Each structure stands twice: as structure tokens, then as C-alpha cells.
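Have a look at the structure below before the remarks.
Every chain is named by a letter (A, B and C) in the order it is written, and numbering of its residues begins at 1.
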Amino acid sequence: MLELRLVQGSLLKKVLEAIRELVTDANFDCSGTGFSLQAMDSSHVALVALLLRAEGFEHYRCDRNLSMGMNLNNMAKMLRCAGNDDIITIKADDGSDTVTFMFESPKQDKIADFEMKLMDIDSEHLGIPDSEYQAIVRMPSAEFMRICKDLSSIGDTVVISVTKEGVKFSTSGEIGSANIVCRQNQTVDKPEEATLIEMQEPVSLTFALRYMNSFTKASSLSEQVTISLSSELPVVVEYKIAEMGYIRFYLAPKIEEDEEMKS
Amino acid sequence: MLELRLVQGSLLKKVLEAIRELVTDANFDCSGTGFSLQAMDSSHVALVALLLRAEGFEHYRCDRNLSMGMNLNNMAKMLRCAGNDDIITIKADDGSDTVTFMFESPKQDKIADFEMKLMDIDSEHLGIPDSEYQAIVRMPSAEFMRICKDLSSIGDTVVISVTKEGVKFSTSGEIGSANIVCRQNQTVDKPEEATLIEMQEPVSLTFALRYMNSFTKASSLSEQVTISLSSELPVVVEYKIAEMGYIRFYLAPKIEEDEEMKS
Amino acid sequence: MLELRLVQGSLLKKVLEAIRELVTDANFDCSGTGFSLQAMDSSHVALVALLLRAEGFEHYRCDRNLSMGMNLNNMAKMLRCAGNDDIITIKADDGSDTVTFMFESPKQDKIADFEMKLMDIDSEHLGIPDSEYQAIVRMPSAEFMRICKDLSSIGDTVVISVTKEGVKFSTSGEIGSANIVCRQNQTVDKPEEATLIEMQEPVSLTFALRYMNSFTKASSLSEQVTISLSSELPVVVEYKIAEMGYIRFYLAPKIEEDEEMKS
């Protein structure tokens, strides 16, 4: 039997909105340590990894490991019926082919049960090794979202270049080109407005803006985003979920045509 | 001659928005006692009844009974041109084929006259007898609107079941099922947040959500909605209009296929 | 070399939004005295004239007169990437076929360069003589915008009639007719809410609402609009840009069919 009670139910609503553009069907994995998901996007280019640790739930009971296949659009439809202040409980009986989302209003005068059919989804869990990155940028998530959106009105790809002074986002397209530079900046009143750069060596990588824009749907989960870059590795775009875990998005860099020519 | 001056003109704007999704053309009936409308929706399934009593108008002159056929979309187009704080006066000469809506801004520095053509509409006025209901639920109109909208994302019909403890709204569809229970609740700080249940005997009836959703367009007129239910009667969904009257929507319950089989 | 630094960058964003519905491609003319534009709309019915005086810029360098052809939709795409509090600098090298828009965030921690290709546009500069007008109406720009929008839901043209008492906006269409009268009104608490009429003789002219609605896109630039009317001249709809200049729209009156018959 599974029973996970999350006082801040809006978190789960935001998680769903963050990933359902990228992933249609996915297995949620439940174990003694937490509630997690790992899924490729439908074009098998980007990877999403979600973790909500057991300690973050008010009540967490998971008698045995369970993998529940869900259609994320249907799940999002149901979660949208939860109020933003509602407590959400996820319930499933062993061997059942349904999962129940229970929404309790803060005053306990309204209680809703939404029961959703589960589905069988083939998936293999990728081991993601811990890596060293050439550069790690932490910056306000709203700023990163705005930059990705702005550059999309000019071009299709973004070059992210990190030096000690700052991080540069560049694009070009038919109507012209654009460069946006964010400087390292720790001397802000509010820590969530800081831009921090940890750099081993300069790095410059190109990514599809379409995916970056999808990742930024998670911006409501965290005031800051962490972007980890290395020439040989997929970028990791991480949004921490306060006291519970994270959503991480992985995306391989594009190989520039020029570089292909040279090699 | 007809001249009806309504200081709180936004009321008339809201009334139009509440009924124009359901009804396209209708006769507004004006008599010495008030301004009223009764109309079936275009598929002849639901009935709307509106009453604005003469006492609610700042000035009310109606020399003889008058029935004015109006296209509600055109009327809504004109009323949308009134500011929310405007005073609205409805004017018509005896035997005229037009009606005039006059909008005065609060500071009297802007005055607008909108003249609309009337139309001939066949209609018969149904006598609606006062009835005893098995159960009457009074609840916040915003809550009822939210529930109807939420259930529409899962199914097409809603089962409304009343017991002493509360009222349950249920639906089911392809992706799963949902139950929402609102408990009787009088101990709230604000009376408009109360949920009150007067029950003679338990009742459980099924309705098309499409119509319920249309009815909830009237939610801006009143903080509370009253739902009156009996097995043998159409449900009445009523929104009171402060100090003036009401909008009432009537809808026959659906006969479940199972019950049809049995009978 | 050209370098124009505008501290209140949002002004330039608003200017673009105000004219890009009317004009697709246009030459911006830069001289020692200011940054200006004059362009016909694509159907050659309305004329737009913009002036931003050199004194309004924090820094203004224009070594020689320059005319830069820009696609206003592309320019608007780029300016939309500037934050509302950003400082905008327009830069161009002599003989270059590109222009650069630089956006600096107020805290100087984010700097963006958007480079746009210029285009060759044939245009002739019309000399617009100063004229005496029969009537000049100054009124709140939001009020004028609302009136044009409201009348558009009834008809296609507006008759603007000025008398000493006020200005009347009239239209008629299939569903009926409308008259909106705004009275002269100087006794308001806030000067921006005043309606002032300077009249030499009464005037009544007819205009296409479609263009009037386009002109009102400039309402965000100024709390007041000035409408100058004479029987023999195009109307001038002017929005002042505080301490910098103006946007003026010119539109020829429609000749009523009745009058054509008579002549």
C-alpha cells in the first residue's frame, strides 16, 4: 500500500506543469526513500529526472517498491482540480491498476478524490554518473526563462559561453543576432537574485532553444536555476524543490556544422 | 412610455453575460412590478427566469405592460460599452420598434445613447409552480463554479447527492472518476462562505455538466448559489440579485440508462 | 557614427507598439536635432509622424544625417526583449547596414546587444504645413481609446462633431446606432482627466474607425490626446511624449455619400 501526504500540494501541481510539455507518459517510481521519475522526452533528446524525498512528505508510507505508469496530461488535468492551498495525498493499493489523488481544502470543508487509471509503460532506468563540470552557473530562474524566451524570437539555438566575468547567451537568425551577458553578481540584497559562476575552464556550448524553453516551465518551483556545463557532457539544468528534492533536465549540446567540417 | 433607471448599471451587464450563452433571442417583459425575462435555451432543455423588481430601480416608469424582443448578443455588445460605474437607463416609447440604453458616467461628463432594434419573438410564458424540494443546498457560488468546471475535465455529467453531512458531486469519464464532497459548514467568519444543507430526504440526481457550467456564468451576481433538488422535478439553480430579484435556472435530471433498463 | 542613449527605454518600446500595426517598413531619420520618422500606412490612407528630440536623450551623438530603413515588426521583436526599466542605446556605424540596440538593466548586471539588418526603403518626406483648425479637442487618451473601441462594436465609421458644449462621437450599423457625448470639463482634480474644447466654429467630420483604433495604440505614451479638426484638412490625433516630442497621426475625413450626391 502506498500513501503519500504532501501538505504543500501546489508543489505537485507545479511539477506536473514543468514536465508534461516534454513527457507524455512516464513511470513514477515509489520506494522507501522517495517518489521519483526518470523519462526521456518523446523525441529521445532530453531527459527529465525528478526526486521528491520521503522526508518532505507529512506522511509517507510505501510498503514495497512500486512503479506506476501515468499519462501526464491526464494527471495534470486532475491535479489542476486541486486548489493551490490544498493538501494532496497520493494513494494506491498493491496490485491496483488505479491511483487516487485526494485533495483536502485547508478548512477541511471540501474533500475531493480523483481516481486515475494506470498504464503499462516500458522504460529503462539510466544510471546517471556524478560528473565534474567545467563551469556551473547559478542564476535567477526568472532571468534564465526570460533570456531563453527573448532569444527564441531571434533564433533557434543558443550558444552558452562561460568566462570568469559572466555568462553569455547568443543567438542569430534571419532578422539579426543577439548577445545577452549576465555578470557574476553576489552583492545583491536578496540571495535569490544572485548570479554565481564557478568555473574550472571557459566553456562554450550550443543548445536547441526549444528544449531550453521547455525546461524553464519549472521556474515556478525555484527562485534559482543551476546550469552545469562541460564540453563532453549533456548540460544539466536543475531546479531545486525546497526541502524535498529537485527536477533536473539533461540535454546534449549541438555539434556545430563548422566543427564537424574541421574534424 | 418606459423609463427604468438603474444606478448600479453593472448589474445589468452581469445579467446579460450570465444568460447570453444559453439564450440567443428573448422577450424582456416590463410591467408595473418589474422587469423580467423567461426563456428556454436554444435546445429547449434548460429554462432561465430573471426578475428585477421595480423597487430596485432609482426611477421606474412603465405606463403599460410591454414585451420587448431582443437579440441578447447585440444587447450584450451595447451593454459592454457601459462603464462598470455607469448609471444605465432603459428607455422605449410606446409602439416603438427600438429600445435605447443610456449610460451616464459617475461624473456626468460622458453620456452615451445606444439605440437597438427590437425583434418579434414568439414565446409562451410557462407557469412555474412553487414546489417543495427534498433537499436545498446553499453554498459559495465560486465553489460551485469551480466544482462544475473541474468535473468537466473528467466527465460529461455530474451526479449531485445530498445527505445530512454534505453534498457530493461525482463524475466519471475515460481517464478516471472524481468525487468532491462539500460538508455542511456554518461556522465560518463570513456568511458568504457558508455551506448550508436543508434536507427532507436524501436525494441523488444526474445532470449534464454543460448546462451547469453555463448557469455558473451568473456567479458574479451573487456570492452564494442555492440548488434545490427533488427526484420528480427540475433542479433550480438560483442566484439572488441583491435587493432586486434573482436569476433562476431550471434543468431536468438525466434518467440513467440503468434505471431505464429496470423500468 | 550614431549613439543615442535613452534612459527611459520603455518609451521606445511603446513607440514601436504604437505604430507597427499601421506601418510595416519605415525610415528612421537621425539628425543633430532629433530622431524622427514619417511614414504612410500600407494602404496610403493615414500618415504617422514621430519626433524624439535630441535633448530628451541622456547622450545624443549623430555625426551626420542618417536614414535607417527598418522593418518595424523585427524592430518590435527586439525591443520586446528589453526590460521595462532598461536603458536603451541605439548604435550605428557610418555606412553600416546594421543597427544595434543595447539594453542595460538598471543594476548593470545584464547587458544585451541586439543587431538588426537595415533595409533600403524608398520614401519621400512630406512637408506638413502648420494649419489653423476649426476645433481642437483635448481629452483623456484612455477615454478616446474606449470610445473608438466601443463604437467599433456597432459600426465602421465615426462622426466627430464639436460644439461649444462638448464633442459627440456617433456611429450606426446593422444592430443599431450610438452617440457618445463628452462635455467640456476643466474642474477635475487631476489635469490629465480634463476635457478641453477650443472651437472657432462647429465642425462635424466622418472617419474610418479602423484607423482611429490603430491610432489609440499610442495611448500608453500620454494621458491626454489632442484631436485637431477642420473641414478641409486631415484630422490630427496627437500624443505628446513627455519632454521629448510627439507621435501624430493624420487621417483624411470620409466624404459622405449624401454629400457626394448633392455636389
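Assume a residue touches a chain if its C-beta (ideal position, glycine included) is under 8 Å from a C-beta of that chain, and two chains touch if they have at least 3 such contacts.
Note that this is a predicted model, so its numbers are computed, not measured.
Copies chain A and chain B of the same sequence differ in orientation by 120 degrees, per CA superposition (steps of 5). Where chain A touches chain C, under half of the residue numbers in use are shared by the two copies, so each contributes mostly different positions. Computed centre separation for the pair chain A/chain C is 44 angstrom, with centres defined by C-alpha atoms. The multi-chain contact residues of chain A, meaning those touching 2 or more other chains, do not exist; every residue touches at most one other chain. Per the touch definition, chain C reaches chain B in the complex via residues 143, 150, 153-154, 175-183, 185, 188, 195. Against chain A, the residues of chain C that register as touching in their complex are 71, 74, 77-78, 80-81, 98, 107-117.
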